[in-house]
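One structure is given here, and the rest of the page talks about it.
Should a chain be cited, it is by its letter among A, B and C, assigned in written order, with residues numbered from 1 in that chain.
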Amino acid sequence: MVSRAEFTLGQLAEALGATLEGDPARVVRGVAPLESAGPDDVSFLTDARYRAAAQASRAGAFVAGADVTGLPAPILTVAAPQQAMIDLLLLFHPAPPLLPGVDASAVVAGDARVDATAAVGPLAVIEAGARIGSGARVGALTYVGPDVEVGEGCVLGPHVTLLAGARLGRRVLVHPGAVIGADGFGFAFDGARHRKIPQTGGVVIEDDVEIGANTTIDRATFGDTIVRRGTKIDNLVQIGHNVEVGEHSILVAQVGVSGSSKLGRGVVLAGQVGIADHVSVGDGAMVAAQGGVPSDLEAGGRYLGTPARPAMEARRIFAAESRLPELLQRVRALERAVEALGGGPLGRKGGAR
Amino acid sequence: MVSRAEFTLGQLAEALGATLEGDPARVVRGVAPLESAGPDDVSFLTDARYRAAAQASRAGAFVAGADVTGLPAPILTVAAPQQAMIDLLLLFHPAPPLLPGVDASAVVAGDARVDATAAVGPLAVIEAGARIGSGARVGALTYVGPDVEVGEGCVLGPHVTLLAGARLGRRVLVHPGAVIGADGFGFAFDGARHRKIPQTGGVVIEDDVEIGANTTIDRATFGDTIVRRGTKIDNLVQIGHNVEVGEHSILVAQVGVSGSSKLGRGVVLAGQVGIADHVSVGDGAMVAAQGGVPSDLEAGGRYLGTPARPAMEARRIFAAESRLPELLQRVRALERAVEALGGGPLGRKGGAR
Amino acid sequence: MVSRAEFTLGQLAEALGATLEGDPARVVRGVAPLESAGPDDVSFLTDARYRAAAQASRAGAFVAGADVTGLPAPILTVAAPQQAMIDLLLLFHPAPPLLPGVDASAVVAGDARVDATAAVGPLAVIEAGARIGSGARVGALTYVGPDVEVGEGCVLGPHVTLLAGARLGRRVLVHPGAVIGADGFGFAFDGARHRKIPQTGGVVIEDDVEIGANTTIDRATFGDTIVRRGTKIDNLVQIGHNVEVGEHSILVAQVGVSGSSKLGRGVVLAGQVGIADHVSVGDGAMVAAQGGVPSDLEAGGRYLGTPARPAMEARRIFAAESRLPELLQRVRALERAVEALGGGPLGRKGGAR
């Protein structure tokens, strides 16, 4: 997406609270990483290890921390370069303007309440009793079910599905294809068939949560499935019924969290991690990619593997596994040597080894 | 979802076939689990291990098995408490009323046949030759392709996609975002490029199957991909072309079943399990979460791990893995001791160990 | 899907460039595999190991390689039977006719450019600045965002989402529910909360790529996420921001590729494989199902397991794992025997073993 903005370095210094070393009248028209930036772009060093790349960069200016000097173009010196990079991107790529109003092709129930400052896209469906808050955007072809609450400033992509009674706080961002509030997966076998356990609960998504494309978050059997504020969920993630995800957690793509599990605050689950049901994951615990978690994890722990083990232990096991075929041979040699020394019995079963 | 129903305990006893110990005129207005139930709720004990929670519960009444007595509120005694809980939930949360008819905004082909008792939601699309059975519900924004058959009493959520020729039996429940009948994944490399193998078969979903949100079930190359009656499939599951899933099976979220594999009756695949192609899984086999199944599994077996092994064996291996780093040290110590005794050669490769 | 075509064997011989052994006037009406073919069907032998099945087949004719003779019905002899099977399927199951034009129920922005030979289905939404190429098909309920480019001959299923600025080459096939161009998953923690890093890049899908149902391909933070020509992607796959997938690669269902990873040409990732971020996978490398790839893989390598190891090594480790519980016992027996011989110290920790 091409930026159409332009700023002088002086304007940027003011906007970012930066100290400028260089010409304040110089104009830049975009933001780009070190390798691809040209003379019209401002680039950024978020870490000192990129200094060589910065020296080689053709960027027209740099945003960098106080420890960085002597680059080939003017420097905007800031306290927190990565945060300044975000500010910069927001300057050059502001959110598209909100055009309030309901598209003529949308189907909105008579008693739904759409705030006058909200925007509803083409062919969206908003059912009875739903409420769309101020400044919210409902994408094209999105379904907002009965009695759903969409808070102030939410952005629902196209093709989102919010089922009956789901409640979204403020500034929740839901990407296309996400399904919030489908039935939890609960059955009771009656001897002949699996009877469905009616899923009578709801889903609560708190403020500032982001939900990835084609992610699914099920409604609770009773009570609510809850995703607490500030948590970011990637694409194709599954959150089962009655799960509670704590504040400011990170769930990377294709993670699955089974029913009734509780994740603490600041938990990080890397891609494809699976959490069994009724598991408790402590605050700040981190599970590496593809980990499988059958039981509770301690706060602050780093975990790896299936079954998930403390990362240090798991790494030792992975390393030892590489030597396992060799180890079998060494044990065989030991057995021969001990037998030759007259030791034994070694209790080995017969057969080729 | 708040219930708007209310019942006396006498009415509930009659509806559930329960024996009531307590006041039949007492009124309850909802169903809730032991911890969250209040005096207006009926709660339930599905297992004796919850007795302490029941003693502490504020519920206005309990549904419980014959072995339970002495709770702090009236008891509705039943033979099968979990089944009674389902009956109770259905009493308090009946399916929303079916309002037959096709929404004015839906796009229905002239020669599609929609039963007069079926309901088609806003902005649904029903293509030529499709048939919608009696009492079926087609959700908003749902796509029913050419010549698709949707049986009596099916419920298709919003945003469902049924592609050309898919056949659904009776009372099939399809959650939002599910895609049934997309092309199987088949290509033949011609030396320069992957040529697509046309996927000319169909998909058959038998009676009483449930299909989760954003799940994908591909059409067959030839013949049909089949999901047999009573099987329940969770969210984000992938079923490849020409797969056959037996009756009354359970496939938990994010499971993947590769092309041409056959699952028996009553199979249970826990979350994130993967089944390779052309694999046969025997009746009643169970695979634990994240298991990877490269080859056939026996009926009734319990499997774990990747590659999936009988669960007992896999658990022993997992336990032994934890001791692997220590084992390497013990073998090293043995080698030193045997060498000190004059044994050998031990055939170790040189170098640090 | 039932074929409505019929051909004489003479016509087929000509269309396939085959040598016919048998009656050129014989008529066939469908294509079917050996086991299910009837006298009206032509079947095929793509490999000599199916010869017994061919002998038992009721097919009315066979397509087979030059090494095959003596089957119970006429043979169409070809150089490449699997390619001929595809040609055969295309003859009997041609693509449905393209009916150019925009359905009256679609919502198309005034300045979108839809080629006169393209077809836009019911309730599709095409936003401002989008371009739909000649002969392209846009499915029902599909969303084509602002400034999206859809090349000549593309086929977008129903319920596809292409977000702002996504660029598709020619003959790209996108199955239902796929989401192309959602935001990459990038945040920077500012000490109190995860701030979203604006995802300002795009997505480029080159010619002849196929994208499976409910697959998600994220836009880049800067620059483009790229899927190169001829690559085939199955259902429920996740491609993160700034990923580059090389030409003619194969990504099977539920694969996840994390941000900024680069896959070479002709890479094959089997089902549920996960690739960590910033990983480079060499040309032609193959990773077996459920493999987890934390670091670079060499061109042409075969890999297995988590962490992915060269397949031969991983298989030896898997085999050795099965013997791990037994190995523990053997080491214990060795320790006893060595102690009995007066050897030691063995440095074992005390306790039950």
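By definition in this document, a contact is a pair of C-beta atoms (placed from the backbone, for glycine too) under 8 Å apart; a residue touches a chain by one contact, two chains touch by 3 or more.
These numbers were taken from a predicted model, which means no experiment stands behind them.
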Q.
Give me the superposition rotation angle from subunit A to subunit B, based on Cα atoms, as a multiple of 5 degrees.
A. 120
Q. Interface overlap for subunit A and subunit C, more than half of numbers shared or less than half: same or different?
A. different
Q: Averaging only over C-alpha atoms, locate the centres of subunit A and subunit C and give their separation in whole Å.
A: 25
Q: Find every residue in subunit B that makes contact with two or more other chains and list them.
A: 123, 141, 159, 177, 214, 236, 254, 272, 290, 306, 321, 324, 327, 331, 334, 338, 341
Q: Under the touch definition given earlier, write down the residues of subunit C that touch subunit B in their complex.
A: 1, 3, 31-33, 36, 80, 82-83, 85-86, 89-90, 92-93, 103, 105, 121-123, 139-141, 157-159, 173, 175-177, 208, 210, 212-214, 230, 232, 234-236, 248, 250, 252-254, 271-272, 289-290, 305-306, 318, 321-322, 324-325, 327-328, 331, 334-335, 338, 341-349
**Q.** Complex contact set, residues of subunit B against subunit C
**A.** 107, 123, 125, 127, 141, 143, 145, 159, 161, 163-165, 177, 179, 182-183, 185, 187-188, 190, 193-198, 200-202, 214, 216, 218, 222-223, 236, 238, 240, 254, 256, 258, 272, 274, 276, 290, 292, 294, 306-307, 309, 313, 316-317, 319-321, 323-324, 326-327, 329-331, 333-334, 337-338, 340-341
